[in-house]
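In the part that follows, the structures are each spelled out as structure tokens.
Shared chain: chain A. Partners: chain B in the first complex, chain C in the second.
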Partner chain A sequence: MSAIAVARPQVARTSLLRRVASQEALLGIAVIALAIVVGVVNPRFLATRNLSDILLGNAYVGVAAIGMSMVIISGNIDISVGALIGVLATVSGSLAVAGAPIAVAWLAPVVVGIAVMALQGVIVAYLRIPAIVVTLGMLSILKGGLISVTGGKWITDLPEGFHLADIELFDILPMPVLILAIATILAALWMRYSASGRAIYATGGNAEAARLCGVSPQRTVVMVFALHGFFAAIAALLFATQLKVIQSTTPTGLELTIITASVVGGVSILGGVGTVIGATLAAILIAEIASALVFINVSPYWIHALEGVLILATVIADILRRQRRMAGG
Partner chain B sequence: MAVLAQNLSRGAPRWLARHETLLAAILVVALVILGSFNERFLTIDNLLNQGRLMTEVGLIALPMTFVIVTGGIDLSVGSIVGLCAITLGYSWKTFGFPLPLAILFAIAVGGLAGFVNGLLITRIRVPPLIMTIATLALYRGLAEGVSQAHSVRGYPEWFFFVGQGQWLGVPTQLWILLVAIVVAGVALDRTTFGRTLYAIGANETAARFSGLSVDRVKLIVYSLSGLMAGVSAWVLVSRVTTTRSDMGIGYELDVIAAVVLGGTSIFGGSGTIWGTAIGLAMIQLLKNGLALTGVKGDATIVVIGAVLIASVLIASSLQRRREYGA
Partner chain C sequence: MIGAATLSDQPDEAADAARRARPALLEVRDIEKSFPGVRALSDVSFDVAPGEVHALLGENGAGKSTLIKIVSGVYRPDRGAMFVDGRPVDFQLPGDARRAGVATIYQELLLFPELTVAENIFMGHAPRAALGRLDWRAMRARAEDLLASLEIHDLAADRIVGTLTVGNRQRVEILRALSQNARLLIMDEPTAALTEHDVTRLFAIVRLLTSRGVGVIYITHRLDEIFAIADRVTVLRDGVQVGTRRVAQTNAGELVQMMVGRKIDNLFPKISVPVGEPVLEVRDLVRRPTTKGVSLTVRAGEIVGLAGLVGSGRSELAQTVFGVTPAQSGEIRIAGAAAKIDSPGRARALGIAYVPEDRGIQGLVRPMSVLHNFSLAALSSLARAGFIDRAAERRMAEEGVARFSVKTSSLEQVAGRLSGGNQQKIVLGKWLANNPKLLILDEPTRGIDVGAKAEIHRLMGELAGKGLAILMISSELPEVLGMSDRVLVMREGRLVAEFDRARATPEAVGAAMMGGEGETGRAA
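Entry: the complex of A and B
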């Protein structure tokens, strides 16, 4: 009896590892294959400038997808993150224009982002309201609040030194790519090896079992949302500082792109499975697809439909694979 | 309010403590207060006009009540409205369908969109939340892709009857909404179909073992949700005289807010159409009241978002109190 109990999780873990690794390899191959195919059709796609534009302009989606992946792995969802990124970018830009020190302008969105998301985490975890309801409500509060406060005006005349995204380390490594890479690696290591990282998987896999193992699912969910707020703030800073102006509206459909990146990256929507490395690769793939559409003369207006198809295909494949494994085992 | 509900449930007859009765009382009080502040508010004209404005959301809120009673959710309704509006406009103007056929075709596309949701939810067991998030992107994306963000205008005069005309002094679409409310209310309250919805929401496994055709009923419910989003799109296009791919953005918020404010449990298993109708009226009242006091549209969605979260919080704390009390 105890032998079975010990053996089972190990079996599950190895097959899980293999599955996750293959999802990441698949995405890596897809990123390269797509570049080659589109490059053959239109060589200008492979111009260094275009490739770096894809990476630099969308690194913030990858950063936000890290937090989203944690939220989904914990068995929740968040559709307010796009609106939050808009709000945080405006907070940061307004402070900078108002003459606050750059450090304050960079720090304030981090504090606000963590606070807003932690609040949602508390409502979800302790008051037991489904995350979709809480984040749908928060989405409209943030979206409506931002437009009515700013009137949709653009923030211009941002001070020198504010543009975090423009900084290049050693003159070659652009900041957005560096931040995305470091954040992805740190988050992946933390989730893989630390106790609190594993607690996220335990909570999403089976909250009751996690509780019996001494993990507090409530505290884990609040922690996950707070971290998600932190990554959203970093994403907002990259988003706010990559252009010379900040549009004080929420980018439409951004939350869907971020969710798509997480799901396509191999995070199971049923909770408990997935890695942030896959999410980052998927964010790059989606950005690459959006750019490729232009180069193969397909209207970019199809991108949202493609995102929907990508989510559906990944989720259906995930569910069918689980069903087959259940039937087989 | 929680204390009030508790006292009521002890002393007074049971119907007084029901969520719908409480809401209706609050609605009447709010009407009187708003009326005393602003003389333009409590006029027949204004109230009828508010009824006109709430029809599009209302038509979707009815099947959404069914969906939420079964313990599901449909976030794609706003995108289906956009897809159907574009279908209506393009099949008429670009593909040359006669307008009545284009209307039917658009509503059918709505039903098909809902059917696809239901099919994958029941056959492949995709959770309703993620299924309808995916189609929230997909259906909006199809509307954007087909229309390339161009709008369709120039509908003939008779087409505006549903959205702008009236019959017996009452806005045309309000008749449609009233009939739909009665039909949906009777279906949920008095038919085996309705009882099945409650059974699925209360305990799906038990419902399955009781021999109820859970999957078929769910398929019907999600198809109905899409179909009514199609009808809503028709009414909306007729009211605003133009077709754009961004129509219906954010409808899911108003619809879900009306349903949960009307006392339908977000966890499934309980709720009524009458409650949804009152919740709908309250949301519209809130919008109108805020507009009359000079609050802009964008600030209104802040209030509706807060109302959504607050009403679920209050409902679930009342629920917990009842459970501890019993």
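Entry: the complex of A and C
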């Protein structure tokens, strides 16, 4: 017995180090290492233009992954976010084309996004319907509704000034990258240091214990979904304004890419564990891989397969880690 | 009672002689079994004769479950021998026991609710037709034969099991055992979830089976059932066999004493402190179906023990007081003022702390750090403008770790990795960080080692000394008797007895828990 008691803290310390330092640091290293390796194979990969394109074109995935991480940490999941981003982009673009003030075109998706997600949160939290079922239903409603309403037509002739993504701060820092960085940092601080952020971890880690401690898991889940709707709206704006047209569809499997970013970023699919910084880094890594495929002459269609490999590897690593933790405690 | 009456008409010597003549259906001799850190069973010997109902009696943790798991092949004993029909056996797997004719009916019935009665009976050993196809007609016919053999005429073989009452499901479970030619049935608290009527029917089936030579090991908490159905009874306590009696030659008083009659050691340092004003007053509290009009008072500096069997409604009462399942009617007063407690948050604000029974499920957020677990119940008081005052949080956790001597490598340690005792200390510390007036403890020392247990008892004494009112639920009688200033006994959702410290003897409290006070006591 005493041997176990002595050995345990040491085991705990190494794995704690791994837990805190690992996922984010590992992802940071992976992002840089991949750039170097691909750069050696094809130096054009490292051109400033290409690197900034990677960030610009995928910042919206990173922003959406922030909200997704909160949802998964709270013990839920959302597969409607890809479709919602498409709807919100169309709402925003249609308003802009119809001559609404730019501020309205930018604000409307935020309001709609929060409302749609908060509604799903209410259904999940108060009617106790699993999030995967609720958001699957919403996915179909949004996707089918969007195609039916727009008839699949693209939105063109967007007014000047609508293109949020074109704004560059100090002529060098593109707005989407700035937004991603600020959103990630603020969300990370809030998750870590606010009482509400703590409530999210507690709800996902053990909803019953949270409830007995005076945290309302229901209110927390609704709050998380509403926030997720806010980030989805920001993502939709970045997505809508990066091109001169708005398609009535979002990239295939967008919601899966966003979920992959969260999970690869270290968010446990079982809830209660993870950070938004990891999710943002993972989103960047996935975008980098997609771009790298082109530069090393591999079909870009492989990216979905690689995402799959990444998600399985991460989840298996997470489960193995948990099993070891159980065995240790 | 009918069965017992007929039995006592027989001369016991003749019965014993008959038993000696035939080998026992099952016999275990000097069985011993240990788990890491605990000796679950030592030197237990008992046997079941054909046609006999042998009852096993004991408190929670006395070793009944371990014993039946050995007999049914789930565990292998460390030492000792087992015989079936006089021949030595060594069950490696539950399948071995089943082939030897031993079947167990667990408390949670292991049935498939979507399937029919017949399919459930023959799950895993269905009659086959050519080419390995299931022979549905034979299955149905044999299920009907089995139903008829137990004189069950109101249950069709093609009913879906999920639509049946608990009593009928249990009958299906018994039929499944018989379909595998079971000759020894182990029933683990079979009446726990049954209605009066179903109990009568179950007893009729048990008598029918024993008349055909089937042996039954019958585990129960209810003394009256032992006198109604059993021939012999073996009492276990702390893994030791206290004794085996012929039911006709014992009485309720003797059995209770055998069950609980261990001497109470001085592990429980309850210091007498002056008792103050009432902190919690509960009048006619009702929350159906578990709390049926309970009134009690807990005063400052007082530890009130709440005793009762599992299922008597103790934990449910605690959860109602704490607002988890708010009361439907009745009155709660906290420190003299009427309080409406409709949520745990409200209870907490009123100065009530609740350490739940199952710290894994209800108390601790296992993936969270020790630090964050400590502060979880105090988040609102630690937060400034929505953000947590981290210095204050750390101070609170450090104080808690020191005060409760939690053994952890650091405050960042993941709480789920600590030992059970340390986890319990965190749950306790988390609540006390709020400086509550009333502490409700549900099974505060279940599943933790002796050292941690003594420490928690010491803390409880200390806290009461500082004027905290404590309501403690415990299934361990020595703990209840050792720690409490007063003992309340709950049975079937009501308070049935109250003892002050001086009058709370194991026998008196035990009898009140069982509901056996004399009415089932019966001289041979």
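Everything that follows uses one rule, which is that the second predicted complex is superposed on the first by the 309 of 329 C-alpha atoms of A that agree within 3 Å, B and C clash if a C-alpha of one lies under 4 Å from a C-alpha of the other, contacts with A are read in each partner's own complex, and residues count from 1 in each chain.
Basically, a residue touches a chain if its C-beta (ideal position, glycine included) is under 8 Å from a C-beta of that chain, and two chains touch if they have at least 3 such contacts.
Quick caveat, the model's predicted, so the values are computed rather than measured.
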Partner chain in contact with A:Ile303 - chain B first, chain C second, else both or neither: first
First (chain B), second (chain C), both or neither touched by A:Ile77: first
Chain B versus chain C as contact partner of A:Arg198, first or second or both or neither: second
Touching partner for A:Met138 - first (chain B), second (chain C), both, neither: first
Which of chain B and chain C A:Thr280 touches, first, second, both or neither: neither
Greater residue coverage of chain A in the superposed arrangement, chain B or chain C: B
Partner chain(s) touched by A:Glu208 [first = chain B, second = chain C, both, neither]: second
Chain B versus chain C as contact partner of A:Gln247, first or second or both or neither: neither
Intersection of the chain A residues that touch chain B with those that touch chain C: none
Complex interface listing, chain C residues touching chain A: 37, 322, 324, 344-345, 348-349, 354, 356, 361-368, 372, 375-377, 379-380, 382-383, 386-388, 390, 407-410, 412-414, 416-419, 430
Touching residues on chain A, where the partner in the complex is chain B: 77, 79, 123, 127-130, 132-134, 136-141, 143-145, 147-148, 252-253, 256, 259-260, 263, 269-270, 299, 301-309, 311-312, 315-316, 319-320, 323
Chain C-touching residues of chain A, taken from the complex the two chains share: 1, 5, 8-10, 12-13, 16, 19-20, 193-196, 198-199, 201-202, 205-206, 208-216, 268, 272-273, 325-326, 328-329
Of chain B, residues touching chain A in the complex: 73, 75, 120, 124-127, 129-131, 133-142, 144-145, 147-149, 249-250, 252-253, 256, 260, 266-267, 296, 298-302, 304-306, 308-309, 312-313, 316-317
